[in-house]
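What follows are several structures.
Below are two complexes that have chain A in common, paired first with chain B and then with chain C.
So, the complex of A and B:
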């Protein structure tokens, strides 16, 4: 059985870019343990005969690679939290 | 009580013939909303200006004698995870507070081409993650049949406003049952079409391989007409079905079903299902027999793995799809002075997402993380393949499969919110349909002892919507259940609302 401990939750939260409070960590550790228990029922399934193939029933559609303008730059910047001179401003990414 | 107002198709005819103007139809709708919305709380916002503009155009065209497109003038509500340019799309999440869509979803373009006034956007579980609409960060929508109960979810707002007879039609989205389960709990019709029949462009992504925009209606014909309006290939959605013949479900909807072969799913006939629901499904099977259809039991053993496999695949896709909410390009940003980029990401996401969304992002990230991928994700894909295989085999024997839509009728607000496993099991009968990409419709088939609606689910093979509508329509004609609507004049039961 897969064990979910707080260390696992810490690691996964870091991968998912989430900060969790201590209460949340405790809650999710317990809840995920229950959910994992439910999904581990898959282990009783016989999948030895199942091969995964790409669904060939539908052709992969292609279209001409033509430049199109669906959005106006100004419209998109209008909904940005912090637009600056035509760009998205973000906090610093390099050390001084 | 009996419904006395016009159906969507009757409204359309009345508008076309000049008996009623589209604007007066719209006034009726907004009057009903003013009356019932305070108790139901199904809407996140109303789009009156937009609706009036469309209605005026309809009336202008009627005056000059134009023939209107199908359903023109009929008001519709849409789930608040579908984009309309210039209007908010909240997904009932704090993280999208203040967001105004810069583009239209393809389905909205289609509604516009058909001159259907969009009257408002409806509440949902946050990012469509839930089965009760309680995970919404904005409000708790009530079930019109009993205001102390949930309307189901995630498209609970869209189901409740149609059930309460505020508006005749609405759109939801169905990833694991999010249209069929609320249709069942609210006593209306909802169909999840074949994957790819309706464009997903402009629907906020939850689990892209499962999501499908899906219509609600107060009866089978109205719902069929709406699906006719919104379906079709779209070059902006590479998963939309190409070369699909333009559907005309209405033309052959009253076809005789005496040659129909029906399979009754054995795995959904057990003690996990509320006894009154089981009984009602058995009665429904007899009704089909009385209409000349033949029935037989069908076993689909892989269905027992459906919920497990779904919660791996859907959360894995969600954890990836929701990576885009990072506070950079749109939506909320939470930033402290001198914080670096990663801190901004974490603060934004932690404060913007609610508990269920975080729970699913964590589960999905876990299932995809190094060392667990094969044990979870790869195995779930195999379960999905097994389900597809079993369904293909079953549809060699029968035309449609029947089962309950939901294992129980509407549950109490708060009853399952803190028990995620129990909540997830609400979708046990609907999930396999999304996993296989097939269509399924939920229609009312009776009431339990507390007078809460029970839903019957009919599934068919890929692109069998016409057949499903015929079967559902024949059943509806026989039972007349679509004419019953909740009596909202009766005060809610004495238990306190949460």
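So, the complex of A and C:
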């Protein structure tokens, strides 16, 4: 059974750009361990006979290459916290 | 530029990663237009903006273009491939993952032959979506800016990333590989091949090692080159820089470096700390991609003549010089023009000379493409015939060509209407020559006394009288006979 340790939490938090408190780290260590152990129960299934190829009977739905404009920028930008002149504005990327 | 020392002999080991923007009308997973230069975020939708619940649907044309390019690069085309999510956080990637292909790419195991005899193996070519563009406010670049603006028009544009093995041995070979790649995508029509606008982008991985050593040296990656020439210059610079560091007892730091066009140097961009943690996993929103044998064969039959086939045809069948062949292969529209004019023109060598000489020079000075001119293949073939059968002089042909490029028209008609045909009628010219000699007895005497250059004076008189249309060889010959 996999146990998520503090080091893994630090690594994942860094990748996700999350700044966690010690209490949160403790909480997530426990929660993620529970989740991964639940998912690990899938490993008991025998999938040696299952291949991607089995999906071959099902056709991939393709789209023809026909451009369409289906949305108005005005509406799409409505839910952005800080639209600016048609752009999405985002905070400073590099710290000084 | 550092000097290359001579004590130890070094060899360069170079591999290229090329991103080719596939020229579809719509994006890879949604129907937004891929048009360049529109207002920001006009061509976006919930799919490419990464809204929850929006589902990708694969563009069939993008798959066909990827397969065609793979076939042209002698790749094996996978009948079964799949898409994966590659995770990283950056504001130009709204989903926080890029849909790419990780361990089952559409094309594998290809190669390209170079003129040096080097065979560059192609490890793989995989489909993926492009990211958006950022504008950094308050500073010239990312560093020091207060905030950034995101334009996602480009997000979701189909790309094919082509990864070579490190088989390239010099800066010149790197340039040739890229030039050939650009030719191939243009011949196939799957990309416009425009590096300056970013339709083709290239990262060059370079290391050096003492000749004979089998293990690789530490490599650096150079980015930001927007021409084939820049690739060669950047690679040359980087090879020399690395050799100099090793020669002086230092070691190479694995890093990404930026090519600076203005100073012709590579500059440190960021030091690499191990492999980035992309946490790839299969894209659950897309089924595995099946490409049937029949589909692949049908695409193979549709492949046009490829650049190397055209080069071989020009050199072996038509006996072109390698230089002329290169011009007509590298500038596809000139080769197309030649092929269109040739059936109407038995003197095809003269045709080639016009295309690689006067016409290429004209296009360069005027910054035009062949399509911007009014010259047609038929008109050029006609012009060559008029010149070859001595109806017009080469001077007249040049003048006429300039006019045809600007205004178009039929050269035969223009020659007839404006009486531009050269006078090659001996009787007619003889009469003129006799008159000019009779009217200028002093100069005629000077010539008889051995003053050769006076002949030029007589030729000038005749040319003036005929408005340049006398056959100059004939005039010279007659003058010598009659004075």
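The working rule: the second predicted complex is superposed on the first by the 66 of 96 C-alpha atoms of A that agree within 3 Å, B and C clash if a C-alpha of one lies under 4 Å from a C-alpha of the other, contacts with A are read in each partner's own complex, and residues count from 1 in each chain.
One rule holds in what follows: a contact is a pair of C-beta atoms (placed from the backbone, for glycine too) under 8 Å apart; a residue touches a chain by one contact, two chains touch by 3 or more.
Given the structure is predicted, the values throughout are model-derived calculations rather than measurements.
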{"item": "Chain B versus chain C as contact partner of A:93, first or second or both or neither", "value": "both"}
{"item": "Touching partner for A:76 - first (chain B), second (chain C), both, neither", "value": "both"}
{"item": "First, second, both or neither for A:84, with chain B first and chain C second", "value": "second"}
{"item": "First, second, both or neither for A:9, with chain B first and chain C second", "value": "first"}
{"item": "Which of chain B and chain C A:24 touches, first, second, both or neither", "value": "first"}
{"item": "Partner touching more residues of chain A, whether chain B or chain C", "value": "B"}
{"item": "A:45 touches, of chain B and chain C: first, second, both or neither?", "value": "first"}
{"item": "Chain B and chain C contact sites that coincide on chain A, given as residue numbers", "value": "11, 15-17, 52, 58-61, 63, 70-71, 76, 88, 90-93"}
{"item": "For the chain A and chain B complex, residues of the former touching the latter", "value": "2, 4, 8-9, 11-13, 15-20, 24, 28, 31-32, 34-35, 38-43, 45, 47, 50-52, 58-61, 63, 70-72, 75-76, 78-82, 88, 90-93"}
{"item": "Residues of chain C that touch chain A when the two form their complex", "value": "24-26, 31-35, 39-46, 49, 57-63, 80, 82, 87, 89-91, 134-136, 142-152, 277, 279, 286-290"}
{"item": "Complex contact set, residues of chain A against chain C", "value": "11, 15-17, 52-53, 55-56, 58-71, 73, 76-77, 84-94, 96"}
{"item": "Chain B - residues contacting chain A, complex", "value": "99-100, 102-103, 196, 235, 238, 241-242, 302, 304-305, 307-309, 311-312, 319, 326-333, 335, 339-347, 349-350, 353, 355, 358-359, 361-363, 365-366, 369, 372, 375-376, 378-383, 385-386, 389, 420-421, 424"}
